[in-house]
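The following pair of complexes shares a single chain, chain A, combined with chain B in the former and chain C in the latter.
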Partner chain A sequence: MSNLAVLPILIPLIAAITLVFFNGNVTVSRVLTRLFSLVSLGAALYIAWHAMENGTIILETGDWAAPYGIILVVDRLAALLIVTTNLVAAACAFYAPHAGLGKKEYYYFYPFFFFLITGVSGAFITGDIFNLFVFFEVLLMASYALIVLGGDKVQLRESIKYLLINLFSSMLFVTCIAFLYAVVGTLNMAHIAERVQEVDQQGILTTVGILFFFVFATKAALFPLYYWLPHSYIQPNPVISALFGALLTKVGIYSILRVFSLIFVHRLDITHELFIWIAILSMIFGVIGALSTNNIKLIIAYNIIPAIGFIIMGIGVFNQDALSGSVYYLVHDMIIKAALFLIVGAIAYVAGTSDLRKMGGLIHYYPALGWLLFIAAFVLAGIPPFSGFIGKLQLLQGAFGDGEIILAITALITSLLILYSIMKIFIRGFWGEKDETAGFGTKSVKGMIAPIAFLLALSVLLGVGAEFFYPIVASVAQSLLDPQIYIDSVLKE
Partner chain B sequence: METLIIILTGVLVSVATYLILSKSVIRVILGTAILSHAAHLLIITMGGLKTGGVPILDNGHDTFTDALPQALILTSIVISFAVTAILLVLALRTYQELGTDNLEKLRGFYDE
Partner chain C sequence: MYKTNDLILRTTTSLIAFMMLGFAIYLLIAGHNAPGGGFVGGLLTAGAVLLMYMAYGTEAVEKMIPINFTTLVPIGLAVAVGTGVGSFIFNQPFLSHTFGYFTFPIFGEIELATAMLFDVGVYLTVVGVVMTIILTIANDR
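This part shows the complex of A and B:
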């Protein structure tokens, strides 16, 4: 049964390899992509159910005992994230044929799509720090290919920056692993955690921890290190932007969550105090970026940064309420960011521009799209019936409970400004007189609406069904607060 | 011995940083290549430079050098090799399409 743990990596990998051979035939590629994404989703759901019922699934690859081989660990957090990843991937797989990819579909789009999912799933379930680096590279390599696919001039220009910053931070990741290996002499995360615990995280270990934070913060786009993100994320096709916005930065934030709830938890006054300030600054600067522009894609791209700020806020406060808020918000944000990128992609497609000043009155032609955007804005800002609300409520409860008043107030004001930045798209783009001369309404959004509606339905379900989801999230937070559970389940003492 | 290699690594990192901050794309790529050398050298040093046999079992040694960092480096080398290859091709395409290799000129917004 423990072999289940490898399925979320194996299925997308097989899918990617298979699709390489069917590259020339777009019809077959599309069918296979949908089929594989559904199989992968089914497997993820079954694994999550199994992990919730019977506890953490541990796979010792090649039958080597815990600290010596590579261990795959599907605990409740990883299970939750794998299911979310596969839901987003399925929505994107169904959106892709309608996204206007054109010739890009012949240039190995679908194989790279599945390689990206392989990397993301692998990063979520690995229990080995160097293996985490390798899966980071798998997903980054696929993202390099996807971001430059098509090769427009602007795209080439932004890709080169994206590649350079990621290459630099990867090399830093290797350096961090070298330092950590020199201090603790092991690469298995549970074993590292045990050894760090034995010396009470003395001396050099906090420095290595901060260095790890720097690496993951670059991947996750936190305050001083987010400058590379907004312009590079809006260049590729909307379906690729949706995958990036939903998955890539979240892998960085997951790594922070894992490393700073399992390994470096003995100097909370240094590390987690730093997170609180970074959270405040990420929220402020991210939302300023979102308000500063009239480009609808850029507004959504900048909105990634305050969302990451919210999640790191929970990790910084580090109590039961705040951590369950973080986990809830992480899952919610993966779904809603994918939905928002797909919506603005559809809007830019039908309006022929992503400049807000050149559109208006779209609601007369595309009512479904307009109302989906309206719901998405409410979900993102955290209006009560929807999923953003419960995550933020928990985060704020945690922050107030810990006396972090400035943080909590910044979070509240940020939510208001996020709502304003998205509503700006709705008001300027969809309201207004019917403009016959602009030539809107000629393009069909058939096929685009269903995946978006699916993602929004999920996030509404996550909000309305909080009674069902909340206990799961709370138990995830509980296990994050007690690293001993993870260590014992891996090292089997 | 470790001290010497660490000083060498420091020099490599300084050179790499200087090159990455320059204007020409090709110098930046050279900088990233040197940075990866520095990182790999650091892994082998951090694993310890104690003298011992090569990590092959049948040559009659009692002690061996640590085999794990060597495996890590081998993995990391092929990864950075692939990324450098992509980066070089990307730089070539950028030069062909945009007609410049000056990073200062590769900026500006396009529709704001």
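This part shows the complex of A and C:
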């Protein structure tokens, strides 16, 4: 039944509404959160299996035919991302009770958590550009609430910045949609793509496309527009940072991937050339940020930016290899960023500080945490048996195949520096003499380890089981290269 | 302490709030064929309740309308989502709506649509949100 496509939006929405009623009762909230996150994960897995077996799932909401109503489209790319989103959400749901949220759990933390998942899933599934804007707002509203929850002084300062920049880019988003609607006269993405194709993407449409790119680049934190991200992402609780780092920027990058593989694909020499330069600059500036600081949370937050650079690099090169690399890296990065934020959250919790200079010798007290960080660093940098490797290999093959030598070399050097920035946490934080005076080892990390290990196991599986995952990703890349597949499946012509 | 006598404000409020509530219900129901709908109906209801708060004070109104406005938000959302999910039972796509003609004793033949239920959800949510915002700021000391 076609109603399958709405389940990833509907289940978290119902969960959020239900949890508002149980706000006062933390025990019930926790149990329900875990239950709903597992139900949602199960539904996502079933939908993904269905989409892989029987092709794209289309839902015409309200029984209105294609360009007139809002269409929900679960193609293979959307299915992959929904499953990843739900995996991250489930891990965070199991981590949250141990994350030291304290009083925040009484102030609608769990409903906002599910509203965030609703928005993210909706943005991945929708086939309508204005509906995409609405789901962006749903997830941003929930993220405003989550970032300010608790009301510390720094939190208030950073949330003002976060709110202003996102409000501005949302306004620009609406303006872009207005421009596009004035030119093509439709809001359905497949129908827009068809009409842009008919007029061969004339000058004004390329301009609108680049404006769209700036909107999504603000959400995704690409080179000139990333300055709001690092400091605002480290202020809330680690479990909230993990959700933000894993999901929010990835929605922006998914929108770029969708819009620039479906709608604006007729002037690659202008748009996609721009992406390559922005990718190079994002990698360089992001990794410089990660090397510049001794705050472990900030190191991870800055590491989001080069990762986004890697993904946009694949979109810029725009061939089969590079696009499958981008998709692989996108899925890998969502999982590993969530794991890393949860790990540094646990480290900051046990060490009582997030300053790297004030800790040392933690491996004597928390061996499991140390080795998880070690594996996570290898996964992130792309050491062969792990998942970061396959994505980067594909990206580099794509870049070399297209003769983008500067891009490929920047990417390689960036990978090295990313490894250094994470290993710095391991070496300075975990190595060293046992320091009896510092008072480490008193806090328990039981309950935090399991969700982290689950996420890391997934990324190891993604790397070791590459032969199973690669054909799926390659077919996603193939369908991205041929927008006609998407258009035909939605408009049924 | 000198206490103002706001007899005129209170008397006119009883009349005006009553008319506002009536007009709000009219807007909610008229939404299909005339300007109006759940959103503006909800705003006007919240306006009427707010007027009563201003004229009679917090305690008196809380006694008159013993509703926790915050719980109206999830109830309204549940009603709206429920109308969408209802289409699952009839094996229709999500958010499909239907309508029918019914004959009532006084009004005669009337068209009833399930879209009205969705509007009621919007109405409850808007009332809940607006009242929560205003009362939270008002009670903040």
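Observations on the structure shown:
Here, the second predicted complex is superposed on the first by the 493 of 493 C-alpha atoms of A that agree within 3 Å, B and C clash if a C-alpha of one lies under 4 Å from a C-alpha of the other, contacts with A are read in each partner's own complex, and residues count from 1 in each chain.
Everything that follows uses one rule, which is that a residue touches a chain if its C-beta (ideal position, glycine included) is under 8 Å from a C-beta of that chain, and two chains touch if they have at least 3 such contacts.
Model, not experiment: these values are computed from the prediction.
When both complexes are superposed on chain A, chain B and chain C sit side by side without a clash. Of the two partner chains placed around the shared chain by superposition, neither chain B nor chain C is touched by A:I427. Measured by the number of chain A residues touched, the leading partner among chain B and chain C is B. In the superposed model, A:G151 lies in contact with chain B only, and not with chain C. By the touch criterion defined above, A:N3 lies against chain C but remains apart from chain B after alignment on the C-alpha atoms of chain A.
In the superposed model, A:Y181 makes contact with chain B only, not with chain C. Contact with neither chain B nor chain C is seen for A:I204 once the two complexes are overlaid on the shared chain. Of the two partner chains placed around the shared chain by superposition, chain B is the only one that A:F130 touches, whereas chain C remains out of contact.
One geometric descriptor of the composite model is the angle centred on chain A: between the Cα centres of chain B and chain C it reads 40 degrees, in steps of 10. Once chain A of one complex is fitted onto chain A of the other, the partner contacts of A:T61 are limited to chain C, with no touch recorded for chain B. In the overlay built on the shared chain, the residue A:I405 is in contact with neither chain B nor chain C. With both structures placed on the common chain, the touch criterion links A:I17 to chain C but leaves chain B unconnected. Superposition on the common chain A brings chain B within a closest Cα-Cα distance of 7 Å of chain C.
Those residues of chain A whose C-beta lies close enough to touch chain C in the complex are 1-3, 6, 10, 13-14, 17, 20-21, 59-63. Across the complex, chain A is touched by residues 71, 73-74, 77-78, 81, 84-85, 88, 91-97 of chain C. Of all the residues in chain A, the ones that touch chain B in their complex are 130, 133-134, 137, 141, 144-145, 148, 151, 153-154, 156-157, 159-161, 163-164, 167-168, 170-172, 174-175, 177-179, 181-182, 187, 231, 293-295, 353-355. Across the complex, chain A is touched by residues 20, 25, 28, 32, 35-36, 38-40, 42-43, 45-48, 68-69, 72, 75-76, 79-80, 82-83, 86-87, 90-91, 93-94, 97-98, 106-107, 109-112 of chain B.
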